[in-house]
Structure formats: structure tokens, C-alpha cells
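What follows is subunit A paired twice: with subunit B in the first complex and subunit C in the second.
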Partner chain A sequence: MPELTIDGRAVQVPDGTNLILAARKLGIDVPHFCYHPGLTVVGSCRMCQVEIEMGGRKRMDLACANQAADGMVVRVNTPETIKARKGVLEFLLMNHPIDCPVCDDAGECKLQDYYMVHGLYQNRLDVPKWHKPKVYSVGPRVILDAERCVLCSRCVRFCDEIWGDRQLGIFGHGSEEVLINYPGKELDNPYSVNVVDLCPVGALLEKKFRFQRRVWYLKSVKSICPRCSRGCNIYLHVDQDHDYKQPGKRVFRVKPRYNPEVNRWWISDRGRNGFDFIDQNRVGVPRIQDEEVTWEEALGRAAELIRAGLKTWGPQGLGVLVAPSASNEDAFVARRLLRDLLKLEHVDFDVPSSDQPQADHLLLTDDPYPNRQGFRDLGFGPGEGGMRTADIVKAAQNGKIKGLIVAGTDLEGVLGDRAAGLAEKLGWLICVSYAGDALWQRAAVGLPMAVYAERPGTFTNFKGKVQKFEQALTPFGASQPQWLIWQRLAQKLGAKWSYEDERAVFKDLSQGKPAYDTLDWFATFGAGPGPYNDNWYMW
Partner chain B sequence: MPQISLVSKNFQYPDQVELQAALSRGAWEQWKRVLAEKIPPAAIIEEVKAAKLRGQGGAGFPTGVKWGFVPKDSPKPKYLCVNADEGEPGTFKDRAILENDPHLMLEGVAITCYAVGIHTAFVYMRGEFYQPQRVMEKAIREATEAGLLGKNIQGSGFDLDVIVHMGAGAYICGEETALLNSLEGWKGWPRLKPPFPAVVGAFGCPTVINNVETMAGVPHIMRLGAAEFQKLGTEKDGGTKLFAISGHVAKPGVYEMTMGSSLKELIYDVAGGLPGGRRLKAVIPGGSSAPVLKADEIDVPLEFEAMAAAGTMLGSGAVIVLDETVSIPEVFMVTARFYAHESCGQCTQCREGCTWIYKISKKILAGHGQPSDLDLMLDLADNMNGKTVCPLGAAMALPTIGFLKKFPHEFLALMKS
Partner chain C sequence: MLQFSDATRQQALALIEKYPRKSAAIIPLLHLAQKEFGWISEEAELAVAQLLDVPVVSVREVSGFYFMFHKHPPGRYHLQVCHNISCSLLGAETILDWIREHLGIESGQTTPDGLFSVERMECLACCDRAPAMLINDELHVHLTRDKLAALVEERRRQAPPPEPHPTDNHESMET
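Presenting the complex of A and B:
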């Protein structure tokens, strides 16, 4: 563990730590473009020059390419280093179109930030600028403005080193050099939008987000990606205050959140694109058949149907399907109601999905749901002699199961037209849902559910890691978190217990379970202390 | 006697490119002796160190010392790359060796590989060198057939393959680490150092990179002995050097001089002075990257340290003589155009700075300059100098400073007041 001094302050860092990370540990930012902790060091932008004194000898060198050593004295800001950085900045801006007012990256751009610190010079360029490709589609999800590009090669290295296929390259030489697709290749890998996060300027932009919202209107909330069982750590970027442009749209984009144990700096394009359901086709008012009612009425009706169903058909006549997109808190309360209180047998969560991810070597798993492992760990599932999903659906279709409760399932996506038919075969269907799908339309009782972004909770990923997501939005309409719906139903059916909030549920469900004990509900979930900023896409 | 024939001794014989003729003039003798006498590799490295042979590619790094950096017990294979990219404007001395005496260079390659424990050598040749390629490939074929290269050479158990690899014509691929990237099939972008090629070079393996002329000096060290060889030159720069002299001299060409000879002598006595009685204006003494010398500054010894003390460099030994008819701003513009075109584009300052300076120089020639442009260019040069991955940024910055500081009046004269 070498100990060194940076800007007069001592710091100890692990062997092999470079000077950018060592400085960051002290909260000192060394400006840089091409360096990124997840990629190889190329040292080509030349922005991170610092003064390094070692054994009495001073030199100016790159902070990215030099590792901390015992007794090293580093000065980030000396007249020479400031001039050197200012020089680099001036060269970078030389051919830059300076079109910040129409650039989506404004507010998140290193050129802007560093100019405010190191630039502020009078423009000395009086010769014409180069012109390069603009509004150039490099792939299905990413668009390029090569005039804004600083040629840091981060995107090129991402494709090469992280995904493993050269889809981008830097071609030509001198200042005619340009970033563009590798001949015959599209930037179409399943992680392609990570290059947008990596791009320190506004050269590579996400098509889906382009011109949607200025970034300073967005609030960033820590969350977990619900689109496969990896549980990548993400930020949801939401705007609840500016609905004037696109009414109803609250989530604007998903950004990765650094977690060394799960997803490092990356997320898949699948995860990044999977937020439309939060603002589309939502249901917000409880229903009895097609009639909108109050929660009390709807829950009362549902309890009545269940009680009557148990009496006439017995527990064997009832089935429950809950998609494991629900949180641990939901699953726990659901189990207490369905298995412990009502003693139902045909209770399952292994529901299929029409939206199957394709597993690969990086992050994506082949499980479309984020919390299957959590459901397993919490003992949610069929009782002895209980059926699994496929049999429950079959039994519902041939009339053996007469009362069916579904929560958050994608039966319409899986069964297609047969989903509607299924509802007709049943005595009754109780539908807990966020979307107004075919089952919702045909339910005897419809209970509108808040989505994960609208309440806090935890998911257990496929490796058994329990991770918390926070509430980013208020629940749509009158919708409520799934656990609360189960709890209120349980109370109507005679339960004596109740929880105040998600945290209380989590406390109860984690009792005596080491996997959950590691998670402190109040902790902010980042990478923990360390040199990495978990707001990493600003690296 | 400053002019001398050592490396260039056999350039005069057209048949020197044929193995038999070369053998008759003593080619490959030192290689055979090394193998026959089983001279220990370490002894050869010591000999080259003692001979004070310095790299002839431009940087003048002591050759034996460089060989000594190669790890002795690396489990990986080691490689030699002969730098035959010769791209520095004004330089054409390696070509003379490649075309006229390929066996001399190959013998040096063989001895070097033996000394460092290398079994594969690449000759990385400039893309435009069509004729040298043919000559070299034939020489390698003949030497291999004669058992001087290849497997189990002369029954010694030592193997050596020599492979000619053609570049694609980028100047930057003469920079040793760009050369390695190019050789490996990547874009010719210089690598960050450290690690140095002697430790992590071609294909991640320890690699020696030496200039063609450096290789050609090695057999002469073995023949003369270190002491004799060193004495030809100066205390720190042993032996001789080929100078490619061009521009306004009566007899442009390649001349071999002992290290430490005078630049003035080279221009006036060896190359015949300036033709037509014209007056000397300036000399670029070591290829286009070397800062210019004024007419009254040329009394310097041709030696790495002395040239550095004079504020310029010996570089590749390409002497460009400019007489009074020459416009310095025009020479400067042409130089800047070259670097703007040849910058590999990796480092910000070099990529943008070379072009910016070139554009300003064009503007000045077109009569649109202002006096403040000179300060601007000097400041840009300062922002580039020594702050880039490879020395190409400095190779633009230093001549800029040289031209602007020594001939400001010529630039100012082009500006309307």
C-alpha cells in the first residue's frame, strides 16, 4: 500500500492504483477524457497531466498512466499543468462546432465542465474548421456527430474490450481523423448504448433520448434493472415537473450505476430500453367488472369472491400466479396471505414471459424476471400436491380451477388470443395489474398495482444477492404497491397482522437470513466507499 | 580524414547485392567467426557497448545498452525489428544500404540476434521501397540457401528466420512502437511507454528495434574490435555515420563520415559547396524534425551531444542545405504540411496543433498573416512540445520554434503592416 502526497494531502492506496484514482480518493478531480477505469489505458487525450515528484526529480506526466508509489509527491494544479491542460482544451475545441444549445450532452459534457475550470480564453482560431459527418446513424440505437468527437477512443475500446467485436474505429490520420463504423459493421451489440455513457462529450447520443429533455430537469434515482435476473444497478432519470411536452411521460432514460460485484459500469440495451411500461397503458383505478370503484369496494368484493370460492370449490378450486417481477416484500406478504392464511395449494411464480432475453457472456441472463430467486428463497410456491404454472393454466382452461388470481403476469403475451378465452372459462378472475391488458378487461375484480419505480423494495438476483431499489415516482393514479394490496386483502379475510411500510416487511422477512442482513435499508446503495464515483457515466 | 568508407565501402560494386560477390569481398565472415569460435553472446553485447555504437535511426540511443535491457530469461520468444521505414524528409541513407549492400545489414542482423538470443527478425520496410524489397528478399533467400540464415546455421544449432514486412507508407510507422502496432496488423499508433519494447514489444514479447544503419555497423565492430571502431569516432559516438545531403549543394548524395566530423566540411568539402556562387542561408542538419541552423551556426561537429548543444539534433543524418533564394516561410509551410498530414491523430496536441500551425503558415504565405500569429504559433508549439505520446509532436514544435525565432523577419515581411 504505497503512501503518497497529492496536492499536499497524504493518501494511501492499493498497489497498482493510478494517480487519477488516487486523487479521487481525496476528492480531487484530475481532468481527463480518454481514461476510464473499465477500459485499457491509452493516454492519448493528454488532459490528465500532473506534476510528479519522485526522488527529488520533478516531471510533468500523465496521471492515468502513472501508478502511485511510496513517497511520490503529486501536484495536480501548477502553472505548467494548468497551461498544458488549457492547451489541450484549446486544441480539442479548435474544430468543435460549439453547438451546446442544441446538444443533448450539454450539462453532462466534459468539454463544457473543463472549459469553465481551465478554459475561459479568447478564441484564437481564425482559420476554417474541419467538417465531419453529422447526424450519422452508427447503429440502431446510437447516433454520431463526428464534429463534436474528441477522438478519445473510449467507444472503440468498449466494443473491442468489453463486448469483443470491433464495431467502431478511428480512421484516417491527423486532424482529418474520424470516428465511424468499422467497414461493414453496425454498432448493434446488445450493449451498444454504453458508448453513449462513455462518450465524454455529445458525439455519441442515444436515439431514444435525443431531444427529449434537457438533462438538468432530470432527477436521478437509484434503482435495479428489472429486465433480467442479473439485477444490474441503474439510475432512473425521471422528470415529474415538466409534463408540458409529452404528457404522461415521466421516465426519460436509464443509466448504469457502478457496482463492482454485479454489472461494473455497464448495462444492456435491453435494460436501458425497458422503461416504457412505466408510463404506457397504465391502470390507476380499481374496478369491479367494467365499473370503476373505490379500493374499499374492490377489496371487499375480492374478499367475498375468495371466501365464497373456498366454500364452494375448496382450496383445490383456486389458483394463484404471481410474476417474479414483484419484490421480495410483495412475495413475502403474498405468501402470508395465500399460503399461510388461506392455505391455498396451487400457488406459483414460475410464469412464462413473452419477452425472453438472450443470455450472453457479459450481463444478460436468460431469465426475464428480476426476482425469481427471491421468490424461491422466501418459500413462495405451490404447497404439497400443488400445481405449477403450466398445470394451473391447463386446469383453468378445462374447468378444474374455477377461481384464479393473477398478479403482474404476462399471460396475454404468452397465451395470445387464448388469454381472453381463459378468463371466460373461469368462475372469476381477480387481476392485480399495472397494465390494462386483456385479463384486466375481463377480470371480476381489477386491482391496480404500482410498478417497481413507484415504491421502494428489494430484488434477489440469480446469484442470491439482495439489492434495494428506491422510489422514483409517485404511484400512477390510485395504484398501490402489490404487498399493500395483499395486506389489505388479508385484513379483509381476517388476518391480524399488518406492516407499516416496505421497510417493516423487509425487516420481518430478513429475520435470521444472512443474505438479507448484509443489506441495510437506510444505506445508500452504491459501490460503498472507494475511489469510484457511482455516478459513473459522468466519468 | 573525416570522409571514410566503412559501411559504404562496397556501395560502388553493382554486384555486391549478389551473395557470391559479397562473400568474395568479406561479407558474412564475422558471422561465421562468431559461430565457429562460439563467442559468448554477452561478450558481443559488451563489445558493441564498448564500441560506443549509437542508434542511427534518429534518437542516438547506445545500441549495446538497449540490447542489455532485454530480459535474459524471458519464457517468451524475442524478436528483432529492423527499422527500414526511412520516412524522415531528407533522409535516404538507409535506402543506400538496403539497395547496395543487403548482406552487410543481414550479417549485422544475424550477429545481433545471436547476441540477444533471437530466432525471428522482421525487416519493417517503408511501403514505397519496392526496389529495396526485391533486393532484400533475394539476399535473404540466397543467404538462407547458403546456410547463413535459417535452421541450424553452420551446424551451430542456432536458428534464425528473417522476414521482410512492408509498411503502407505512413511516416509515423517509423516510430518504433507504431512500427510494432503496424507489424501486428493494427493501426500505426505509437504505444505509451513504459513498458519499453525491450520488455514488451512485438506480440507482447521482448523486442529489439534498430535502424538499418545501426545493424550495418555491427559486423564492422566485430571485425575491427570495439576499440578500433570507437576510435574512428568520438569518445561517446563510436564509428561512422552516413549522411544524406540534399538541397543546394553541388554534389548531393550519401556520404560516410567519421563521427565528430564538421558539418561545414561535409557541406563545403565533401558535397562540393553551394553551386553557382550563391550564399548559404540555412541548414536543416538532421532531417525535417531538426531545428534549423543559420549560415553562421554550421561550424559544429557531427556528433549527437554537440548538435544538441547547438540547439538542434543529429537525427537521422539528413542534411538539407538552403541557399539565399529560399523562402523560409515556404520551407516552414511545407514542413508543417508534412507533419499535419503524418500525425497519427492519437494525441490531441499533435493531431490538432500540427494542422493549426500548417493552416496559419498557409495564411501567412497568402499574405493574410498578422504579427501576433508568430506568438500564437510559438505558444501552440509550447503546448505541443514534449507533451505527447511519441516525439512527433515535438518534431513539429521544435522546427517551428527554430524557424520563427531565427527568421522572424522573413515572416513579418509577408505581412501587410
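Presenting the complex of A and C:
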């Protein structure tokens, strides 16, 4: 472990650590464009020049391409290094359009930040600027303004090294050099939007987020991607305070959150596009048939139906389907109510989905749900002689199951028109849902549910890793977290237990389970140890 | 799909052998392609990429970087006028002006008869004899407008009876 001095402070780092990471360990930021810890080092932007003193000799060199060595003395901020970086910035800004007021990247742009720190000088150039492609669709989800590009090649290296297909290139020479796709090729890989995070300036932007909101209005909340069983760590970027532009829109984008054990710096485009359900087609008022009612009335009615159903049809006449998009806390309380208290047999979570991801070599799995493993681990599922989903649906269609409870399922997406028919065959349907779908329309009782982003909770990914997501939004309308709906129903049906909040449920469900011990409810976990432990998705 | 002739192909394979990594042979193979096809078209890039087993994007990044690789079919006589510092200080722009006035073409263009084309070149390593220019592969230095006029006149006289332009060649190969 070499020990070196950076800006007068001693630090010890593992062998092979470069000077940017070593400085970061001390909280010192070495300005850089092309360097990114997830990509190879190219040393092309020349922004990270520092003064390196070794064996009595001083030189100016790149922090990204030099590794820490014992006895090395590094100076990040000296009049010479600052002057060198100013020079680099002046070159970069020579042909840059300086259109920050209309650029979506303003506020999270390295060029802008470094200019504020180093520059504030006047443009010394009096010849016209070069022009390059603007508002250019470089792929289905990404838009390019080549005039803003600083030619760092991060995006090129991402496609090459992480995805494995050279979809972008840097072509030409001198001032004419331009980052663009090869004719006939598109930036269309399933991870394409990662180049937007990587792009240190506003050259590559996410179409979905374009002109949606200034980034400084966004609140960043630690969350877990719910769109496949990998459980990639994300930030949800939400804004509930500036409703004038798109009323009702609260979630604006998803950004990856570094976790070396799960997703490193990346997330899939699927995950990034997967938040529309949070703000679309939501239901927020409990219903009895078509009538909007209070929670007390709805829950009372649901309890009545269940009690009567158990009496006339017995436990064999009732079925329950809960989608494993629900959290561990939801699953745990649901199990206590449905299996332990009501002794129902036909309880399952292996529900299909109409929204199948395509597994690949990077992150995506072929499971559309984020918490199937959690449901398994918590023993949620059919009792002895209980049926699985396909049989429960069949039994409901041919009248063997008369009362059906569904929670968060996508039966409409899977069954299509038959979903409505299914509801008609039943004695009653109780629907716990966030969306106003066909089943909700036909439910005897509709109980509106908060989505994962509207409450905290935990998911267990397909490898058994338990991860927490924070509450990003207040629940839509009067909707409530699923576990609370089960709990209130349980109380109406005679349960003596109750939990104060998600944390209390988690404490109970994790008792004696080593898989959960690593998780501290209050810790902002996710990021591993080391210099990457970063609150920001930008590097 | 554009194909190298067998002879060129053999030459290319021999060249590739010389390098530790195949991708290191991009420049020599681009030279071969330019000699064979007259200029570097998308198809020519593809032919090089396939021989080297590299993405075509990488070939374009190299061919696009160097002005010595023609992105358009050049004329019979390709005037490559250096416009870097020494040449510019000693009148490269007046050379380019002469070409514009007398041949009616700008950098990247070809005369309608296909005889002359012109390109602004990067440094030809002849700063000591600036301004300098290449006509195809021959170097001409200490240029003046008069000297240039003579060179052009001479080429015009020498010009063989119109032969198929490299472009026509190229297109007939494609179809």
C-alpha cells in the first residue's frame, strides 16, 4: 500500500490506485472529463493535470494515468496546474455554443462547473465558431448536440467496453472532429441512456427528460429499480413543487446509483423508462362497486365478504394472487393475514406479467418482478394442497373459486379481454391496485394502493440480496401501502397484532434471518466501501 | 459488396502479418484500398474492416482523421495544398485563391472535366520550403501563383485522353 502526500495531506491507497481516486479518498476533486472509474483510462482531455514530485523531480502530468507510489508528492491546486486547466478549458470552449440557458445539462455539467471554478474569463476568439450537428437523434432514446461535445470519448468507450458494440465513433480531424453514430448504425443498445450520465456536458441528452424540468428542481431519492429481479440501485428524481408545467407529473427521471455488488454505475433503459406507472392511470379513492367510499367502509365491506365467503364456500372457495412487485413488508403482513389468520390455501405470487424483460449479459434478468425471491424467502405461497396461479385462474374461470383477492397483479395485461370475463364469473373480487384497470372497474371492493415510490420498503433480488428503497413521494390520493391495507383488513377480521410502520414490519420479518442482518434500516446503504462511496451518479 | 483484387488481398495479408495486433494495420490497408479503389468510400471501409476483424467504426475514425485519405473521388490531378503555419505565413491562401479563381473549385471539389481536385492539407513536413503542395504523389515547394499556373498548364497538356474517372470505375464495380 503506497503512501503519498496530496496537497499536503498524507494518504495510503491500494496498489494500482490512480491519483484521481487517491485524491478523492481525501475529498479532493481533481477536475476531469474523460476519466471514469468504470471505463478504461485514455488520458485524452488533459484536464486532470497535477504536479507530481517524485525522487526530487517535479513534473506536470495526468492524474488519471499515473498511479500512486510511495513517497510521491502530488499538488492538485497550484498556480501552474490551475493555469494549465484554464488553458484546456479555453480550448474546449472555443467552439462550444455556450447555450447553458437552454441546455438540460445546466446544473450538472462539468464544463460549466469547472468554468465557474477556473475561468470567468472573456472569449478571446474573434473568428466564427465551427458548426456541427444539433438536435440530432443518435438513437431512439438519446439526442445529440455535437457542438456541446468535449470529445472525451466516454460514450464511445461505454458502447465498446460495457455493452460490446461500437455504435458511436469520433470522426474527423481538428476543429471538425465530431462524435456521432456510424452511418446506418444507431445508438440503440438496451443500456444506451447510460451515455447520458457519462457525458460530462449536455451533448448527449435523454429524450424522455428533454425540456421537462431544470435539474435543480429535482429531489433525488435513493431507490431500487422495480423492473426486473436484479434490483439495480437507482435514484428517483422527483418534483412535487412545480406543478404548473405538467400537472400530475411527479417523477421525471431515473438515474443509476453506484453499487459494486449489483449494478456498478449502470442501469438498463428498461429501468429508466419504467416510472410512468407511478403517475399514470392511478386510483386514489376506495370503492364499493362503482361507488367511492371511505377506507372504513371499504375495509368493512371487504372483511364482510371474506367472512361470508369462508362460511359458505370454505377456504377452498377463496383464492389470492399477489404480484411480487410488492415489498418484503407487504408480503410478510399479507402472509400473516392470508395464511396464518385466515388459513387460506390457494395463495400465490408467481403471477405472470405482460411486460417481460429480455435477459442479457449485463444486468437485465428474465424476471419482470423485483421481489420474487423475497416472497419465496418469507414463505409466501400456497399451503399444502393449495393451487398455483395458473390453476387458481382456471378454477376462478370454471367456478371452483368464488372469491378472489388480487393485489398489484397485471391480469389484464396477461389475460386481455378474458380478465373482465374472469371478474364476471366470480362471486366477488377484491382488488388491491394502484391502477384503474379492468379488474378494478369490476371489483366488489377496490382498495387503492400506494406504489413502491410512495413508501419505504425492501426488495430481495434474485441473488438473495435484501435492499431498501426510500419513500420518494407522498401516496397518490388516499392510497395506502399494501402492508397497511392487509393489516387493517386483518384487524377487521380479528387479528391482535399490528405494526407501527414499515420499519417495525421489517424488524419482525428479519428476526433470525441472516440474509437480512446486513441491512440497517437507517443506514443509507447500497454503495460499498471505498472511494466510490458517492452520493451522486455523476463522476 | 466491394472486394479487394486477389493481388491486393495477398499484399494486405502480408502486411497484417507484420503487426502484433491486426488493428495496427488500419493505415497501411487504407493506403492499399485508396490505391485500388481511388478513394475511401463506405464500402472500402467495410472491406478493410472485414480483413482486419475490427468494427467499421474504428476504420472510419482513422480514415476520417487523415486528409491523405480521400473521402470523395479525386480528380486526375489531386492538388493537396498545405495550409499549416509555415505555409500559411508564406502564402498558402493565395495559392488556394488562385485555384478558386482559375479552376473554379474549393477544397473538397473536383473540376467538371474530372481533371483537377483540391484539398486543404495538413502539414506536409516541408516547412523549410513553404508553401508546399502535393500533386498526387509528387511534392512541389516554394510555390508562387506563377509556378502553380505553369504546373497546372503542364498537367493539362499532359493529360491523357479522357479515361474512365475513378468514380465511374468505382460505380461500375458496385453495380
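Methods note: the second predicted complex is superposed on the first by the 532 of 539 C-alpha atoms of A that agree within 3 Å, B and C clash if a C-alpha of one lies under 4 Å from a C-alpha of the other, contacts with A are read in each partner's own complex, and residues count from 1 in each chain.
As a convention for this text, a contact is a pair of C-beta atoms (placed from the backbone, for glycine too) under 8 Å apart; a residue touches a chain by one contact, two chains touch by 3 or more.
No experiment lies behind these values; they were computed from the predicted model shown.
Peer 1: Using the superposition on subunit A, decide if subunit B and subunit C clash or fit.
Peer 2: Subunit B/subunit C on subunit A - steric clash.
Peer 1: Give one of first, second, both or neither to describe whether A:185 is in contact with subunit B, with subunit C, with both, or with none.
Peer 2: Once the two structures are laid over each other on A, A:185 reaches subunit C alone.
Peer 1: With both complexes overlaid on chain A, does A:166 touch subunit B (first), subunit C (second), both or neither?
Peer 2: Only subunit C is touched by A:166; subunit B is not.
Peer 1: Which holds for A:321: it touches subunit B only (first), subunit C only (second), both, or neither?
Peer 2: neither
Peer 1: On subunit A, which partner's contacts cover more residues, subunit B's or subunit C's?
Peer 2: Partner with more touched residues of subunit A: B.
Peer 1: Quick one: classify A:175 as touching subunit B (first), subunit C (second), both or neither.
Peer 2: first
Peer 1: Answer with first, second, both or neither: which of subunit B and subunit C does A:49 touch in the superposed model?
Peer 2: first
Peer 1: Which parts of subunit A are touched by subunit B and by subunit C alike?
Peer 2: Common to the two interfaces on subunit A: residues 169-170, 172-174.
Peer 1: Using the touch rule from the top, collect the residues of subunit A that touch subunit C in their complex.
Peer 2: Result: residues 165-174, 182-183, 185 of subunit A touch subunit C.
Peer 1: Where on subunit A does subunit B make contact in their complex?
Peer 2: Contact set of subunit A toward subunit B: 41-47, 49, 60, 62, 65, 83-84, 87-88, 90-92, 94-95, 124-128, 150-151, 169-170, 172-177.
Peer 1: Using the touch rule from the top, collect the residues of subunit C that touch subunit A in their complex.
Peer 2: Per the stated touch rule, the residues are 42, 55-58, 60-61, 64-67, 122.
Peer 1: Residue numbers of subunit B touching subunit A in their complex, please.
Peer 2: Result: residues 170, 172, 187, 189, 192, 340-349, 351-356, 359-360, 363, 376, 380, 382-384, 387-389 of subunit B touch subunit A.
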